[in-house]
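Next come two complexes, and both contain chain A; in the first it sits with chain B, in the second with chain C.
Right after this comes the complex of A and B.
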């Protein structure tokens, strides 16, 4: 009767730490960290606010191999300050992306972030801009930058903007992608606009299934480290260009999406408009059934 | 010549006044304000059914909308002060005096109103205590209760959340009081008769279900590894050696962790069938994996839990259900069962002092007691033996002759040395004392008294207070598991080490537990979705708990 308990042998991506995710994602023993915690490159801002620091500033970056091929990896630690971007945290990712250009190696970004740290907002916002530029430059140089989203903190704020520039996004049901978080929307627009405590609403508006259905993510996987690994291998296959034609196609796709769904009051209306069978059942479907039901989803391929 | 029928005559007058606004027993919703004004008299003792979970919300709002010039000085006797309307009644001057048990969601406001003298407080009770007083000196003149459906004769179906209703109706109706029920709908035939119609005088069709709070749903995703460690310590260090089969769990995350460790860690220790077979417990969603794995024989419930209805109905071998299939809960019976027929209570708390008194009160909040002090106390009237009860009794008084020695109920307080927002669990002085001083109360609101508590479990280990022989030993045993709190750091290391040698304090390593094994992967469910899947889709969690 072990089927009724959670599978204690597998690693839940949602539950795992940044380092556990990297260990399970890349080829065993292949990861070499850059600027590891032993260097104690901590935030210069947090101590001013009497806040605890972390020796890796909440992000792990380094080189490794995936199925034998070299790949650079960055993983945010959602359990440290909600994975938020600060000066050092951001600089480590910017540096990794610039290294990708120099080494001509693909990059995996394991997002787990609420956005920019309020305590180092200016440095954090600058970091977001630098990272987006670095992603674009890497992609112009023919490098794949893949985002993996399924952590506890989701992928919010500046993190979601960076995700928007990636060549491919892999998401699980637990993953959430959105610029503004539920509490921010409720605070600014009222509980009538968005009830942040209604978790089912949060997930069907920002969660992995919805993002996949409207073309906000490219690959949908189970909340399993091995599923993320396989999807990363698949996502790295083939190179995609990144030129004016691609961007124009993306602009057209987004305009069409807005036209089709702009009036919808709830995600379920969008799923209905997509022509999915039994749209209200979507949140409850297991992965296989969901992927079958998602046949009519908006494509996400034009720009990525 | 005395008139021995004055109460019956008064009831007759109320009935006649009420009938002017009713059709038979049915009061149309628009007539409710006029009806209540007609049947309630100033100075009445009123039980407005506010239970731990279900609320007679329509009747509460209607009562709060009465004109205090016409109806005032009510004495409210109700177990739960839960809805804002429950306190609006006092704010507006409709009611003056209050006797209650639990006020979770209104804890801050009720404290403010007590400080502001808006409420004249009778006492804060445990559930059983208040129920008992319904039959002695707090019998209601009017009871405003909640049910799922009624027929035209007033027979009521309460659904899974029967809770306090039979007790309230028994005390009110048989002592010439008036009983008014709000129901979702009036039907030709109720699915089962929970309250016979001849005890119910009037029925209001609300057109929507009464409000009910999901109080017992703990999201496994929020369980920490420290809580898992405390759960492992409790299972291996208390459940197993005492062989605790009959018990009650609190609603905190530590006990939720215990429930979720049974099919994994408990299974590994070979404890299935030897512990946790019989519960007095609400249908906790976190118990689903243990039930599905065959750990549990039987559960009697105080109330139900939102979303668990179909699951419970499908597991009638485990739960008490009616001929209609749905759960029959009953708070008074279940509290009695928890008091007398359980060998252990284990629950979390907010503050423990050096003697072992514990309290969930903070200076600005009065959450009341609910049932915990009854669950967490040694019933002196108990006479039937059981292995854990006898063993605990022997530990407390090893030299007493066995046949004349009382057993002891195991009363276990479990928590992390630093709780929510890093507040220390252990304190020199309970905030409850400050509150009692400020409000001029005779008694400080203590949840579990020091002479009832037998064990304290933290991530630092287990303190067995049964084996402490002096006040000093007891204090050092508590300091010994208080970790890096100020209380813990002021321990006498030599004495604590001696207590450890005697097994009064047991550290994780003394029990063969490696703290690094306390991993979330040990949980039989790590999310609400896992619970839903474990139930075969029968558990339907409310929207706010779903992350899908």
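Right after this comes the complex of A and C.
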């Protein structure tokens, strides 16, 4: 548990496990897990499909400190069932968000998920709905719920809807946010609609840079644990609360996006319409150059 | 029941509801004379960025009216629209925005009731029906996360094997009964009786906590969710001493 904290500067968020991410994110030694793997609260449903279980059901939840302040943390393990939401997995996050209301403590959600776990699809779908309701209730109580997205599995399906309820989102280039995954679109609509093997197309349509440029994410960071940590500290300072004014501002923001970019056929057209210099160069830019180039991006400005 | 039969049975005093591109919006009068807002996505429509922003706009107008009247949202949709354009434009934000609008409406004093009378699936189901305070259904409704053929493809199991497994558990297969047993749908209405009194019964319930996991436990369809969530709350809110593990 402590092997990573000494070397956080070089820890790739994308490559790290859920537990490594937590250890690198919060104050050293401050994390205490709720219902840890030693309790073996596994999915009761995977055995129906002869699939292996994991003792934490692919999510780690607990309390910790960030720069000395208490914060609740949940981290999904993308390497177990693609980080997908099942019954136990989802219920741990629902419970954490309800606890946040009771304790009045902020929450960090480290997304790494393909969405609902199909082997327990109904339970997973309901878990998503329960989590979204719990996020909104927490935000209405003045709690900040911050999403961190940069894992292997991305943030797909129901996970992307939960992300859409968060106060703020931190994303790296590797962080893909999308409801339907590339393969799902291709399967349903054909390869002419979306070629899931065209990785460049996937990244520029769903990847962190595009989401940051259109206002779908608030902070863009390097694929490094320390960068995520600093961004989480910054994000927690953001405006609190969720009310009609925020909802109306988001309505205007999302209407404006449709007006500005609704006819675009490709992300490059959107970046061009944003007025970015050399839009075709965007995917190749390193973080500092990208952030300089992103000056004319659409900013969510708390309208989320 | 068709949409028009449902509206006639719900609102014998009449309603003033407009339909544009399969999106319903309007108002009706309950038998006791009180007003109710009516929204809907119908005709098996996909829910994409264009539909979600329109529906959310209606919900925001209702919240702005401050009339505290309940909202009924009729749902007969497909899944979220699976397209390059919708994802390019950030569909997740639009669906979450609609969900937040409905959740905020309930919190601001408008009872929200979903009526699932046809299909609904995946992200569209979450952003509409599952974002209401109370979800009811009519017989014949067919909610799904994913249809069985697609599920067979992903799980690499045959449809026959999946069907056999679905006999033993309500946890994964599509269908109304499974969604009732897992607690997602509070009640299935009787379509042979007038719907207006059945709606009145639901509206008489006060807005409350999210009780879906509890219902899932009671009905035997989701035995772990409520218990695990409660345990996390108990562990997190207990004093720090001696509760590192539980």
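The definition used in the following text is that the second predicted complex is superposed on the first by the 291 of 304 C-alpha atoms of A that agree within 3 Å, B and C clash if a C-alpha of one lies under 4 Å from a C-alpha of the other, contacts with A are read in each partner's own complex, and residues count from 1 in each chain.
Criterion: contacts are C-beta pairs under 8 Å (C-beta built on N, C-alpha and C of every residue); 3 or more make two chains touch, one makes a residue touch a chain.
Because the structure is a prediction, the values reported are computed rather than measured.
J.: Of the two partner chains, chain B (first) and chain C (second), which one does A:284 touch, if any: first, second, both, or neither?
T.: first
J.: In the overlay, answer first, second, both or neither for which of chain B and chain C A:172 touches.
T.: neither
J.: Quick check on the superposed pair: does A:258 touch chain B, chain C, both, or neither? Answer first, second, both or neither.
T.: Only chain C; A:258 stays clear of chain B.
J.: Please work out whether A:12 is in contact with chain B alone, chain C alone, both, or neither, and reply first, second, both or neither.
T.: Touch partner of A:12: chain B, not chain C.
J.: On the superposed three-chain arrangement, identify whether chain B or chain C touches more chain A residues.
T.: It is C that touches the greater number of chain A residues.
J.: Touch test for A:207: chain B only (first), chain C only (second), both, or neither?
T.: The first partner, chain B, only.
J.: Between chain B and chain C, whom does A:244 touch in the aligned arrangement: first, second, both, or neither?
T.: In the superposition, A:244 touches chain C alone.
J.: Determine, under the contact definition given at the top, whether A:198 touches first (chain B), second (chain C), both, or neither.
T.: first
J.: Thinking of the overlay built on chain A, is A:164 touched by chain B (first), by chain C (second), by both, or by neither?
T.: In the superposed model, A:164 contacts chain C only, not chain B.
J.: Once the structures are superposed on A, label A:113 by its partner contacts, choosing first (chain B), second (chain C), both or neither.
T.: A:113: touches no partner chain.
J.: Between chain B and chain C, which residues of chain A are contacted by each of them?
T.: The overlap between the chain B and chain C interfaces on chain A is empty, containing no residue.
J.: Which residues of chain A touch chain C in their complex?
T.: 32-36, 38-39, 41, 44-45, 48-49, 61, 63, 72, 87-88, 90-92, 94-96, 98-99, 102-103, 116, 118-130, 132-134, 136-137, 140, 157-158, 160-165, 177-180, 184-185, 187-189, 193-194, 205-206, 210-211, 214, 216, 242-244, 247-248, 250-251, 254-255, 257-258, 261-262, 264-267, 270, 304
J.: Looking at the complex, which residues from chain A come into contact with chain B?
T.: 1, 4-6, 8, 12, 14-15, 173-174, 197-203, 207, 209, 283-284
J.: Can you name the residues of chain B that touch chain A in the complex?
T.: 263-264, 288-289, 292-294, 520-527, 530, 533-534, 543-548
J.: Under the touch definition given earlier, write down the residues of chain C that touch chain A in their complex.
T.: Listed in rising order, the residues are 49-50, 53, 56-57, 60, 63-64, 80, 82-97, 99-101, 103-104, 107-108, 122-123, 125-127, 130-131, 145-146, 150-151, 153-155, 157, 165, 168-174, 178-179, 182-184, 210, 212-213, 216, 221-233, 235-237, 240, 244-246.
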